[in-house]
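Please find the structures below.
Look for subunit A in each of the two complexes below; its partner is subunit B in the first and subunit C in the second.
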Partner chain A sequence: MTPTTDRGRDLPAPPDRWRRLLGEDGIQKWVFYIPVVFFILFFAAPMALTVVWSVFERTQFWMEPGFTLFAYENFFTSARAENYVLSMLHAAAAVVISFVIGFPIAVFIRRRVTRAAQHRVILLFILPFMISELVRVFAMRPVLGRNGVVNSVLMELGILSEPITVILYSPLGVIIGDVMSFLPFMIFAGFLALEAVQNYIFEVCDDLGTGRVRLFADIVLPLAAPGIFAGSVFIFVNSMGVALVPTLLGGPGAVNAGLIANQAIVALDFPLAMAISTIMIFTLVLLLYIGHRLFDLTKILEPIS
Partner chain B sequence: MTEPAAKAVEVVELGKNYGSVTALKSVSFSIESGMYYALLGPSGGGKTTLLRLIGGFLRPSAGRIFLHGHDVSLLPPNRRPTSMVFQNYALFPHMTVERNVAYGLKLLRVPAGDIRDRVDRMLAMVGLEGYNRRMPHELSGGQQQRVQLARSLVLERDILLLDEPLASLDARLRKDMCLELKRLQEKVGITFIHVTHNQEEALTVADRIAIIADGELVEEGSARDVYETPNKRFTAEFIGDNNVLEGTVSDLSANSATLDIGFAKIDVPAPGVTIRTGERAAFSIRSELLRIAGRNEDISDSWQVVPARYVEDVYLGLTVSHLVQLPDGTEVVARVMSDSGENGRFEPGDDVAVGWPANRARLHLA
Partner chain C sequence: MYDDFANPWTIRLKWAYLLAVVFALLMPVFYTIGISFNLHGFGARIYEFTFEWYRVVLGDTLLVISLKWTLYLALATIAATIPMALLSAKFYKRTRRKVAFVALMLSPLFVPADIMGSSLLVFFKNLAKGFAWLGQTLGVGWFDGWFDLGFLTAVIGQIIYTHPYAFIVILITMSRYRVQQTEAARACGANAWQAFWDVEFPQIRVGVFSSCAFVTILSFNEAVRTALLKGGFDTFSNMLVAQMLNIGMSGESYAMAGIMSIVSMIVIGTVIVYTLVRAERLERRARAMAEPVMSD
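Take a look at the complex of A and B:
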């Protein structure tokens, strides 16, 4: 690129600043910043706006700039705070049940399915996502209802004399719906974590004589912990935030944080909806921080070697 | 070692199939207690399969395995007097060095105080004193393999199995570790069975070597025997740098056979070998025993000499390989020490003679 060559002198030199902006170096430099711009525009800015809007003054149909903690006061002094805590407990229950059902499935696929078939089996668990979530959750009604599949089968078999009604339009119904909807995330995350555990680890355990229980407690669980935590966060976030499940399966009083915010929007109380969202953001950031301190979440992103 | 008469390992007609693929045909051999034994052979030859059968990681399709006289053919790995060292740094990644080594003892419910003593003693033995609190990812490849050794040896089982333990290490480190393994085995005195595809590694560590190829035990013997006097043609071609020539048996005497290799008749020692005239046979001669001379030079009567044409020399550091072509087109190699003064005597295309001590040739039946 030295301008001293004869050819260089013959050609008209391109304007310097254009070359700097759009030349080979320039474009490469800008391409590097695209993800940053995307991140700010679609991730950081909306979150910041949520926090800012939560302290705005409420007007009849919208809100106006100002500073008031009225929305937060409203949240903490009403039944909403209590419902929010209950929603966290229900989400935690969904996580625990998903782990109890989903992680053994992940272990089974990793240990008992032929290596070549493992990924195909995992793909099967994506199939439910092909069905609209609305349809999927709504379909739980005829299954769990008073005259639903569960009750009629159990009564037909003589196990029940009266239908159980606690499994629909109740907090339990919401937990069942959450588990049904989000269980695959536990299977995916657990499987990915286990995939990083090399086969020889299991052979060493055979050699040392590690029993099944010790193998699970001493080896499999600690090695898969970051993956299990990642899956748990996913399920927890969705169980708290997806309003659809309590809307369709929850009864009076069975709400989650997402539905509380939804109700505030329906009531045209936007600062309150923003305040609830802000509280959710901070709850989850706190959870992620605790998880990171416990399991070192960077491990999840370590390449599988 | 309850029965001193029993061998450490005795394998009888052992075979292993994976569906229609045969990994190990019918193999029988035995290993004396306290021996450093190497299973040497090309990749995919079945040596790792054999080791895993002995360790209990595979179920035999046929045959039996006796360890110290007990039939262990169907026992799981932890109920055999064996312990395995794996090729890829197979440590528990979430445990410190100390916990890795201690884990097997913890499973055996050894008291905590004893565990600590035994772990410390074993880490000192493999040269990792003071590394107790390190995590595996903080160690080099060689150090990780030492931890594996400690984890196996601390169990005090009678037979240590090593599956290509040095394959992932660089050449320099592999050489050092070979000598250390050998010394370690002499110190602990238990039987080591070491699988490798690297002949130098096998010759360095092993008292005895078995050559395994195509699912069969080709040949078995002391390291020196296998290198200097291989019985099988495969061994001659696999170990060291040998020249193999083929011919037809034209004459037989009490202790030698005469092979017609087309352009010459070669006498090869054949004590106690049953062979008939007219049969095809081969003989091999180590390249370091071959000497190249001018056509008119006098060579001792006890040497076999054939005419050849000089092709080229290849400098290899310690030695120089001289390639010559025999009248039938076969190329043979003569290796000479680089600073022996015998190099550079001939130009490519020169007519030369190549010879070897007649009594050092080895007959291989087809």
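Take a look at the complex of A and C:
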């Protein structure tokens, strides 16, 4: 509508370019794109460029543009590939254990705790999750060690005659460390996915007398699949990629993908580090793509959309 | 049909299991804190309470400097991350390409620290070389030192790490906000900023402050990305890693781990208690409003 005076005369539109520029159709509109630009520039671009840098040629202290698959050859023909597969197996074990321990908790909170108290119970798991992973992993040493809490208690109770050493500085120690580090995420993701499931679904099942196993396998599991999958991928990828756990709990020879990449950086073999990162990112993207196709991962965000 | 509540022991057993898992997750941390107050350290038969290890840590100039750097880094990360997370949450609400946007914003959660740190390290080194080359080509010195590893690159690394958490927390708080209130404010003549600041922000303030607390803790605890991107200074967690790897499990290491745990617990504990108290207050108010007014 054209602005008019009291007398009904048309007024010329104010030629205030600055106001338009700073207004809602100007800068204010574009301000919302800052996070997108930032993440494309400093996250997506570096991740994508790892593929390019992985085929560069290694120099003494850096790398130079070129095309060589030497880094990949170096990776696949050495013990690194074997270690990578081994760390995948350890990560898979951590996922399974986290699911077995954590998912029933998510189901219990969602189904048996009153609506008002559900988020308060979830807060109980926020506290351990927010304490530094470094400290939590470090804290496992005096607990799992030869003279640690576990051995002391078990020997005190007469269950063990001598300390068990297999739980620290071993593959089992790494799996325990991964589970202790990432377990809360399985509970959060499972709970978030179950929040989208309406209560009447459970009530209908109860009314029909559905058994526990069938309810779990046919109702809970399919409906919570996106959350379970997201939680599993998070645990799997981080178990494979966080070097801290094998460094502190794995003992000599224990490695994972993150540690291999770290060692390559220390050895100034940047193309190799980038090749490992590429393989890791490819694994992650593949898993997320498969998960999204199978379970539609956007469903997890439905409760907060 | 089955009913958990038919047998009270079933429900008690489930609660016991839940609390046992919380205990198992927290016990190692409390045990470490306990050791940090023992004069004789880990494995000693005698427990003699002392603040000695903390005194040693806080008397070490290098460690105090690293604490200062950690604080600066946390402040810079908060200053950048929180407004960005707010913008992201607002953008998520209005964009039609929600899947692509949320994939971009949450992907950093799924990239392990070492992998992200390595990629950013090489990226920044290349960027710094690119800017140096540009400066040389143009014959100007303006571009010297841009994106050299240092405080700025460490902050960028931390923003990428902490942003998804802040984004989720703010998004959860925003999900309870009715957009019609903004429309009403606009209809009453408020501009976009007034509608946000006077109407929306007071309702999402708790989420914003909670995400500030989360970002502080995440930044304080972060070690791997910062170690790769920080350049010439050290943060407290970097010093702890170095201590653990080079010296081992000394009394000092336990005291450093204790400081990190206690700071995290105080900050998160405050947020949790505040959230619970506020929820209780809102519930009480809602109940009071729902009660019918009785006439005398």
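Basically, the second predicted complex is superposed on the first by the 270 of 305 C-alpha atoms of A that agree within 3 Å, B and C clash if a C-alpha of one lies under 4 Å from a C-alpha of the other, contacts with A are read in each partner's own complex, and residues count from 1 in each chain.
By our rule, a contact is a pair of C-beta atoms (placed from the backbone, for glycine too) under 8 Å apart; a residue touches a chain by one contact, two chains touch by 3 or more.
Here the structure is a predicted model, which means the values were calculated and not measured.
Visitor: Based on the shared subunit A superposition, would you classify subunit B and subunit C as clashing or fitting together?
Guide: Here the two partners, once superposed via subunit A, fit next to each other without clashing.
Visitor: With both complexes superposed on chain A, which partner does A:Pro222 reach: first (subunit B), second (subunit C), both or neither?
Guide: It touches subunit B, and subunit C stays clear.
Visitor: After superposition on the shared chain, which partner residues are touched by A:Glu162: those of subunit B (first), subunit C (second), both, or neither?
Guide: neither
Visitor: Output check: A:Glu64 vs subunit B and subunit C. Expected answer is one of first, second, both, neither. What do you get?
Guide: Touch partners of A:Glu64: none, neither subunit B nor subunit C.
Visitor: Taking the superposition on A as described, I'd like to know which of subunit B and subunit C A:Phe125 touches: first, second, both or neither.
Guide: second
Visitor: In this superposed model, does subunit C or subunit B come into contact with more residues of subunit A?
Guide: Comparing touch counts on subunit A for subunit B and subunit C gives C.
Visitor: Going by the contact rule set out at the top, does A:Met180 touch subunit B (first), subunit C (second), both, or neither?
Guide: second
Visitor: Now for A:Glu203: first (subunit B), second (subunit C), both, or neither, which partner does it touch?
Guide: first
Visitor: Which partner does A:Arg214 contact after superposing on A: first (subunit B), second (subunit C), both, neither?
Guide: In the superposed model, A:Arg214 contacts subunit B only, not subunit C.
Visitor: Superposed on chain A, how close does subunit B come to subunit C by Cα atoms? Whole Å, please.
Guide: Taking the overlay as described at the top, subunit B lies 6 Å from subunit C at its nearest C-alpha.
Visitor: Can you list the residues of subunit A that touch subunit B in one structure and subunit C in the other?
Guide: 206-207, 209, 211
Visitor: How about subunit B: which of its residues touch subunit A in the complex?
Guide: 55-57, 76-79, 82-84, 86, 88, 90, 92-94, 103-104, 107-108, 151-152, 155
Visitor: Flag every residue of subunit A that touches subunit C in the complex, lowest number first.
Guide: Interface residues on the subunit A side: 24, 28, 31-36, 38-40, 42-47, 49-50, 53, 62, 101-102, 104-105, 108-109, 112, 116, 119-121, 123-128, 130-136, 138-143, 147, 149, 180, 183-184, 206-207, 209, 211-212, 233-234, 237-238, 240-244, 247-248, 257-259, 261-262, 265, 270, 273-274, 276-277, 280-281, 284, 288, 298, 301, 303-305.
Visitor: For a test of understanding, state which residues of subunit A touch subunit B in their complex under the given definition.
Guide: Residues 198, 200-201, 203-204, 206-211, 214, 218-219, 222-223 of subunit A touch subunit B in their complex.
Visitor: With touch defined as at the start, can you tell me which subunit C residues reach subunit A in the complex?
Guide: 1-2, 4, 11, 14, 17-18, 21-22, 24-29, 31-32, 35, 42-43, 84-85, 87-88, 90-91, 94, 98-99, 101-102, 104-105, 107-116, 118-123, 125-126, 156, 159-160, 163, 168, 171-172, 174-175, 191-193, 214, 217-218, 220-221, 223-224, 228, 237, 240-241, 244-245, 249, 253, 257, 260-261, 264-265, 268-269, 272, 275-276, 279, 283
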